[in-house]
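Look for subunit A in each of the two complexes below; its partner is subunit B in the first and subunit C in the second.
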Partner chain A sequence: MSVAPLLRKIFLVDLIKGLSVTFRSQHPDELITEQYPLERPWIAERYRGQPRMAVNPDTGESLCNGCGACALACPEKLITVTSDRDPVTKKKYMTSYTYDVSRCMFCGLCQESCPTDCIELSQDYEMALYSREGMTLDRVRLEKGPEPTEYAR
Partner chain B sequence: MRPFLDYLHSSVTPGEYGSYLWAVIYILIIFAVASVAVMLMTWLERKILAHMQVRLGPMRVGPHGLLQPIADALKLLTKEDILPDEADKVVFWFAPVWVMMIAFLNYVVLPFGRTHAVTDMNIGILFVLGVSSLSVLGVIMAGWSSNSHYPLMGALRSSAQMVSYEVAMGLAIVSAVLMTSLNSTGTGTLSMIGIVEAQKAAGRWYIFSMFPLGLIAFLIFAIAMIAETNRAPFDLPEAESELVAGFHTEYSGFRWSLFFLAEYAAMIGISSVAVTLWLGGYLRPFPNLLSGHSWDLAFSLFPGLIFAGMALMCLIGAARMPKIPQMKVQTIGLWLFGGVIALIAVVLFLPGVRERVQDIFWFAAKVAAFMYLYIWYRGTFPRYRFDQLMKLGWKVLLPVSLAVLILTALVGIRQDLSTVLMGVLR
Partner chain C sequence: MSNSNFYDDAPVEAPGKTFLDSTEMVLNMGPQHPSTHGVLRVILKLDGEKVLGTECVIGYLHRGVEKIAENRTYAQFNPYVDRMDYVAAVSNGLGYCGAVEKLISAEVPKRAEYLRVILTELNRLASHQVWLGTHALDIGAITPLFYTFREREEILKIFEKYCGARLTTHAFRIGGCQYDAYEGFDREVLAFCDAQDPRLDEYEELLTTNRIWVERTKGVGILSAEDAIALGVTGPVLRGSGVRWDLRKAQPYCSYKDFDFEIPIGLTGDTFDRYVVRIQEMRQSLRIIRQAVAGLPEGPIMAKVPKVLKPPVGEVYHSIEAPKGELGYYIVSDGSTQPYRVRVRPPSFVNLQALDVMVRGRLVADVVAVIGTLDIVLGEVDR
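For the complex of A and B:
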């Protein structure tokens, strides 16, 4: 054995190197843990999460004109739109709208097919439920949009 | 009643004073403080280990998870206490009690200060060695009585490891004891307080005396004590990845927590032995370089200043807590905690208390450094393989410790040796 490796061994150079690495990594800046419910991760703009329906901010009316394009576009047939025709203006309007998110694969085809930019997939991801019951979202729920849970310590 | 209170004005240990009542009080205080220290140690270990692994560690129970040990203790105490069907009931029951008893028996002779020890046994260090080698018996009892593969394997490993590292450890201790005899009278001492007083008389800690012999003996002891307490990187008896939990695999709930308490108590105990033998025990740092009345005063103010600093940190933290209803209880708790620490700081500044308590502070500070080292090693080093462990024990530590012992003896008697040689030559 040559001298240098022997001296390294005797003076525990490698062990001290390892110790210095672990010592330095204690610095608070190195922490990568995310305290999830307290601090939320950054979500990309194009992330496709829980669907929502836009309303006209001035009047509070739904932007949906009841055309049913989203129901046609949905590959899983999750969207049901019923519509009626206004007897006075002869315009079609949406009467009910349900969206079953339990089998949704968040492809975003409904969003792309919508002529009025009404249905869209928002950035909310907290959709877990204990049963399938609440997974069919109705119009009220969709218009209210995602409600991120507020956690208290 | 009078002799009972008179003890407070004496400057000897309860054992020397001959007061059983004070000895019992000291034992109770030491037991309580050691248990609290173990709880704190579990929190520190989880926290420091987490930070070394770039994690946060416990954060939810109390500020920065400070109350986590209490939650853990409650969980362990309310857990089901399983007794395996095929186990040897009596031995299974007795093993954790034994391990715990042995771990706390060491504390009888540990000197936390000149007057702060249960008793000053004149064979103190021998007592420590004897007692600490008994703890392997408890481990074997636990492993054998569980009547299961993993505990048995763990117990076998543990016995081999503890027995082989005991030798090197004993030789290192002997070389430290030998240093106490290198004075004008030529008589050494085995008493723990005596060893510290010898370091005081020599004006230096034994880690620095006869450089580098004291340092090497200390390093051998520092390695052997990790193996002795079954801690990483020598935690083969409880290797999680191989043996589930080693000798205490079949234990749960309260019995398991006894093993846990015993392990940490043994860690603190053996670190105290290392501190006593090589790091000057309860003596303040720099006994010879910075001596004199003003330096004594400066060092005696140190504990109070540390506590005052901690109180200040707590109070600033409490003032900076977010003012939201959910944080109210925690904020009040932090104010109270800071207040208590500030009170302790004020008490520590009183001249009478200062003189008597500062040696406990220095002792605790040195032991705390050792506790940090334990955690640091665990966060850094991978576990040794069993043959590597045995090789290190028998082929490296044992010869080196023997050599150190012989060299210490030779250097110690160099005066007499040279006169004898001169006589022969003449």
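For the complex of A and C:
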């Protein structure tokens, strides 16, 4: 063995080099771990989370016109829309709407297909449940929107 | 290593021999072994610690993605491709969208192509960071994992801001991109690139000269260039063996010919060379991202694509250079809204075949190193 590698071995040069990287990241500003339930993570504006349906803020009416484009666009066929036609105005309107989130993969194809921007994927992500039962959202739940959980220590 | 004779006298399996000798034994590695990166099961035939042969048992994560494609429209299948190589979901989307665009002969706008390049190269960095962290962890170096995942988090934040999801992004649509760059996208990407360069040096400081790392990787899992080509291996595994083959240069797609970058190659084809190749690739990716951000043109991001996609009857094969190798999509259209057949050529599945060649005659501990260096994702192997 030549001298230089031997000296490196004796003085543990590679160990010190590695540890110097570790010590460079010791400053409290470098901490990146989020204390999740206490500290809410940052969520992007375009985040695709729990679905919700928009209502007209002035009248409280659903924006949905019952066209069923979202039901057609959904790859997993999770959306069921039923509609009826108004006998007077001959306009289509939505009668019921269900969204099964248990198999949803949040691809966002439903919100892209919606002509009235009614169905959208909101920023709520805390949707875990113990069973699949409560995962089929009806129109009331969808219009109410997500209810974020508050945690207290 | 000094006792090189130990490796040389590994007996070649006699043809037709079915029973084990009294000194041989069979060991199941996986499917729950932490260093098989998922649910890979490797049946090892051992003589003491020496590996006489391997057999991979796959299919634990089979979800029938190719069959699902036959029951979905072209646009509906797009989110499923993200679930194959979930570490590099953006690359999967690029390959699939590119294949369908070839099928319908759609011209993707320049801005969309540049956005695609930026995101795909960011994804390549993220994929290589996962690889580096877990590969080093398998071999015993726990520290790089923390740093690589810290930087990957920044990439995932850019993805989340851009398309709303971190892992299974569904970032591209057939004909272009659904989302335009958000406010401050270029600034954030460039800031990430500038911060990433010294961090790559940090990874190298931790590993490249580290004695344990060098002894665990140098000369381990050697794959000669002839073997690599014969096995159909692609990506960094092929380039580590010294073959200068990169689809971004060989068959430029998605505006890659606009960018100036190099293809790093290894010399001997051992685990250390593949490590060096991937680290260099990350530097080249940063170079591409910088050029793409600087030259990001204005304009539309979506080509004129009909709402109901009915491609003409025909077939198409389109392949891209994913972080793990050549990712190809073969689509047969019968003229209806749904594909007649979709076949995926996943890089991990093909690269996994090299495992036997690389570990035969080596030690059990080297199997862990070699599985790590092949950089497989079982979601892609099994589909």
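Throughout what follows, the second predicted complex is superposed on the first by the 120 of 153 C-alpha atoms of A that agree within 3 Å, B and C clash if a C-alpha of one lies under 4 Å from a C-alpha of the other, contacts with A are read in each partner's own complex, and residues count from 1 in each chain.
In this text, contacts are C-beta pairs under 8 Å (C-beta built on N, C-alpha and C of every residue); 3 or more make two chains touch, one makes a residue touch a chain.
Note that this is a predicted model, so its numbers are computed, not measured.
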item: Per-residue touch tally on subunit A - higher for subunit B or for subunit C; value: C
item: Which of subunit B and subunit C A:Arg46 touches, first, second, both or neither; value: second
item: Partner chain in contact with A:Cys107 - subunit B first, subunit C second, else both or neither; value: second
item: Which of subunit B and subunit C A:Asp138 touches, first, second, both or neither; value: neither
item: First, second, both or neither for A:Glu147, with subunit B first and subunit C second; value: neither
item: Which of subunit B and subunit C A:Asp84 touches, first, second, both or neither; value: neither
item: First, second, both or neither for A:Glu126, with subunit B first and subunit C second; value: neither
item: Which of subunit B and subunit C A:Phe23 touches, first, second, both or neither; value: first
item: Which of subunit B and subunit C A:Ile32 touches, first, second, both or neither; value: both
item: Contact residues of subunit A, present in both the subunit B and the subunit C interface; value: 18, 21-22, 25, 32
item: Footprint of subunit C on subunit A - complex, ascending; value: 9, 14, 17-18, 20-22, 25, 32, 42-48, 73-75, 105-109, 112, 121
item: Partner subunit B, residues of subunit A touching it in the complex; value: 15, 18-19, 21-23, 25-26, 28, 30-33, 35, 152-153
item: Touching residues on subunit B, where the partner in the complex is subunit A; value: 48, 51-56, 59-60, 326-327, 376-377, 379-381
item: Subunit C to subunit A touching residues, read off their complex; value: 72, 75-80, 83, 143, 147, 150, 153, 157, 160-165, 168, 170, 178-179, 182, 202, 205-206, 209-211
